[in-house]
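Order of writing sets the chain letters: A, B, C and D. Residues in each chain are counted from 1.
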Amino acid sequence: MALDKIGIAKRIAQELHDGWYVNLGIGIPTLVANYVPEGMQVEFQSENGILGMGPFPFDGEEDADLINAGKQTVTLLDGASLFDSAMSFAMIRGQHVQLTVLGAMEVAENGDIANWKIPGKMVKGMGGAMDLVASAENIIVAMMHTNKRGESKILKKCSLPLTGVGCVKKIVTNLAVLEVVPEGFKLIERAPGVSVEEIQNATEGTLIVEGEIPEMKID
Amino acid sequence: MINKVINNVQEALEGVEDGMTFMLGGFGLCGIPENSIAELVRRKVKNLTCISNNAGVDDFGLGLLLHQRQIKKMISSYVGENDEFERQMLSGELEVELIPQGTLAERCRAAGAGIPAFFTPAGYGTEVAEGKETREFDGKMYVLEKAFKPDFAFVKAWKGDTAGNLIFKGTARNFNPMMAMAGKITVAEVEELVPAGELDPNQIHVPGIFVQRIFEGKDYEKRIEQRTVRPKN
Amino acid sequence: MINKVINNVQEALEGVEDGMTFMLGGFGLCGIPENSIAELVRRKVKNLTCISNNAGVDDFGLGLLLHQRQIKKMISSYVGENDEFERQMLSGELEVELIPQGTLAERCRAAGAGIPAFFTPAGYGTEVAEGKETREFDGKMYVLEKAFKPDFAFVKAWKGDTAGNLIFKGTARNFNPMMAMAGKITVAEVEELVPAGELDPNQIHVPGIFVQRIFEGKDYEKRIEQRTVRPKN
Amino acid sequence: MALDKIGIAKRIAQELHDGWYVNLGIGIPTLVANYVPEGMQVEFQSENGILGMGPFPFDGEEDADLINAGKQTVTLLDGASLFDSAMSFAMIRGQHVQLTVLGAMEVAENGDIANWKIPGKMVKGMGGAMDLVASAENIIVAMMHTNKRGESKILKKCSLPLTGVGCVKKIVTNLAVLEVVPEGFKLIERAPGVSVEEIQNATEGTLIVEGEIPEMKID
């Protein structure tokens, strides 16, 4: 069975490492914060100026002066720090943030990513995405394997305007975990009950299948 | 100390003219110069170029200027959540330049810091880099980006003193400090204005040297765009 | 929070090796990492390249490393007040690269901020610009300067917390914040180490993300180079 | 009679403007702070991280953590702010400091200044001088008109390695106030009792003397 958004977030949470600073994009990535493995020390960065971001505030305790990059009211954990946008992107550009998780419209087998613009449609802007993908040492893309029309988002070449070139290392979709390697997308894991054939059919880019592909373990 | 206090927002905006380039602090509706925006609306200055991370919502923030068609060009990183903006942009009435958020922040800081240009990896290989110089450093590609040159910067701080020193609260800091640095004339509105000497010199976020005019604002609405809460139990 | 606390200065300096490049915070003897310097002296690591605004005095600060001839090259803006330094420099034992102070500060920040190079007017037309790219922007000439790449940065703060957040006091801040940003491994020694949550998140000078190791230092001498006072009457 | 160091400082203090931020170099320039005209609002910047620098502390109240760029213990005035070196030079480079006063070994009639290096001698470094002279909109050089060997420091061309090019606008020496204009050094004022001839004799560069040259008024 293909994963839902929470399943994708849970699987990505398994990629976290103790001591990592992590920037989570809007949407599925934000959910990852809820599934940090017990006892693991991870700090979440919000590019509008927070390190050590906590959960949403209790009803009635929200503060208009404390929001995340998705403009949602948030809280701070003990040890958090606040800073300006230049400092925030100094952290990102300077590769002090170890992991960026973000959504995408398309990913290509050379690691290119497109997630900000559809020609002919209203363009809202790239926000911090271009800075994040150009700098992050680890980028995990969290997305559905196919778009609403059932077309693959895992491509030989991106058709949309790019957000960054050759930067994506790993993709977690509702169907699979893929690694971007020189030869294409290497299939690492299957969603529970999803076959290699189903993944192959949903993947337009070169899919590399070596040996037995294990199922994801999601609790 | 050099006294930067201006009596009110009307005086603070003296000299703003049609066709000028402004920087306006804030991220979403958080930390925006509400009083200065209201006065810009009242003055009806037009053909403005506005450098601001976002463009407000339909009935608040920069949306108020858009509504009166005072803005000719927006320079932002993200402009969602604004129907009038969308209409003007799609109809070609409004020119829009989209810039990666970190590049936007650094181009503001560079303007204030006397750095005419710097290299950043953001946008390399994308349409953002088109027409710009690119260069390799240590095997990685970078784009040359230039400092902005705003006529006025409008920023909003939590506390300020008569010498122009500013302190921010929470994420209302965002773009305000580097825009304060960049303005040829920087107008700071603060929630609380105190005498010089009341703020801890160790804890100033923006030294008064960057602020030409300061006043205590009023009637802050501080609208929340996405109220997300947990139930109390 | 990610805990950055290290038991002592010995552990904090694990991994330092001969031939490495270090940054050391401080201006004159103000805000220097006294404990880390003492441990570098004890470890006798040598052939070091040290990036530091100054070079200490004969019997304090970096002068202690110079005395043991541990430094191969100094990168500084001003190196006066140090006889042993002068002797080694004039004899050719010590290589010295002098850099304008603002360029030094900005090259540290650039290193931490992922900016490989930037333009500055400082040094244009002087020997500092020799061999470097120069370029005109708006009728003024600038020099292209590059980010540093230190192995370790040693900084000293007033207060720090277990998450690595730092706060400075007075002019002991100086180069410490941007060097903290630049270090591949940044070692912060603080006068007072407190639990995460005790420092105001609004008032952090260096967010903990830049600090890999933190410890509470001891026996700070804080020597004054030029004691200038007025008589009390 | 030629001015002494205090006289030079007093004359330079007359160049201050209300609302100016001023950086004073080590030596004679530092003395300028003592002669700010009554009622004038001026703030002194010290490039190691102070705006609003006050006088030396009272005996026993000195703080090792509060020094100026000359490494002297100082105090803060109400409304002062402290910051790091990157921020300090952002102010300087970004031309937020309206006036820089500094000493020199040589000044040339094209505005070049040399004040940091004598070949063959121990070089201590330029400190912040190159940043200051490259950026300041107003630079006043405070110095003796001639060196210890009686040779002019006001030259057609600098012989020493430069600190900055074409940047000096005004010079106040023990003998005269000079303005750097396209044609050379324009004599603006004479020190009390010093003749134009004495100034001419002490000036190697092109001296421009137009009309009656007034004496400086120093109290």
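Just so it is clear, contacts are C-beta pairs under 8 Å (C-beta built on N, C-alpha and C of every residue); 3 or more make two chains touch, one makes a residue touch a chain.
Since we're looking at a predicted model, the values are computed, not measured.
Here A-C and C-D are compared, and the pair linked by more C-beta contacts is C-D. For this pair, chain B with chain D, the centres built from the Cα atoms lie 36 Å apart. For the pair chain B and chain C, the distance between C-alpha centroids works out to 32 Å. Chain geometry summary: the mean Cα position of chain C and that of chain D are 28 Å apart. Of all residues in chain D, those touching 2 or more other chains are 82-83, 86, 89, 92-93, 135, listed in ascending order. Of all residues in chain B, those touching 2 or more other chains are 106, 109, 113-115, 120-121, 168-170, 202, listed in ascending order. Contacts between chains form some other arrangement here, matching none of path, ring, star or all-to-all.
Chain pairs recorded as touching, per the definition above, are A-B, A-C, B-C, B-D, C-D. Note for the complex: chain B touches chain C at residues 106, 110, 113-121, 135, 137-138, 140, 142, 146, 167-170, 202-203. On the chain C side of its complex with chain D, the touching residues are 27-31, 53, 76-80, 86, 89-90, 96, 98, 100-106, 108-109, 120-128, 158, 168-178, 205, 222-232. Residues 19-21, 41-43, 45, 51-52, 76-83, 87, 89-97, 135 of chain A are the ones that touch chain C when the two sit in their complex.
Contacts from chain C toward chain A in the complex involve residues 1-3, 109, 111-115, 161-163, 165, 181, 195-197, 201-202, 204, 207-210.
Taken in their complex, chain A has these residues touching chain B: 46-50, 55-74, 82-86, 88-89, 92-93, 112, 122-131, 134-135, 161-166.
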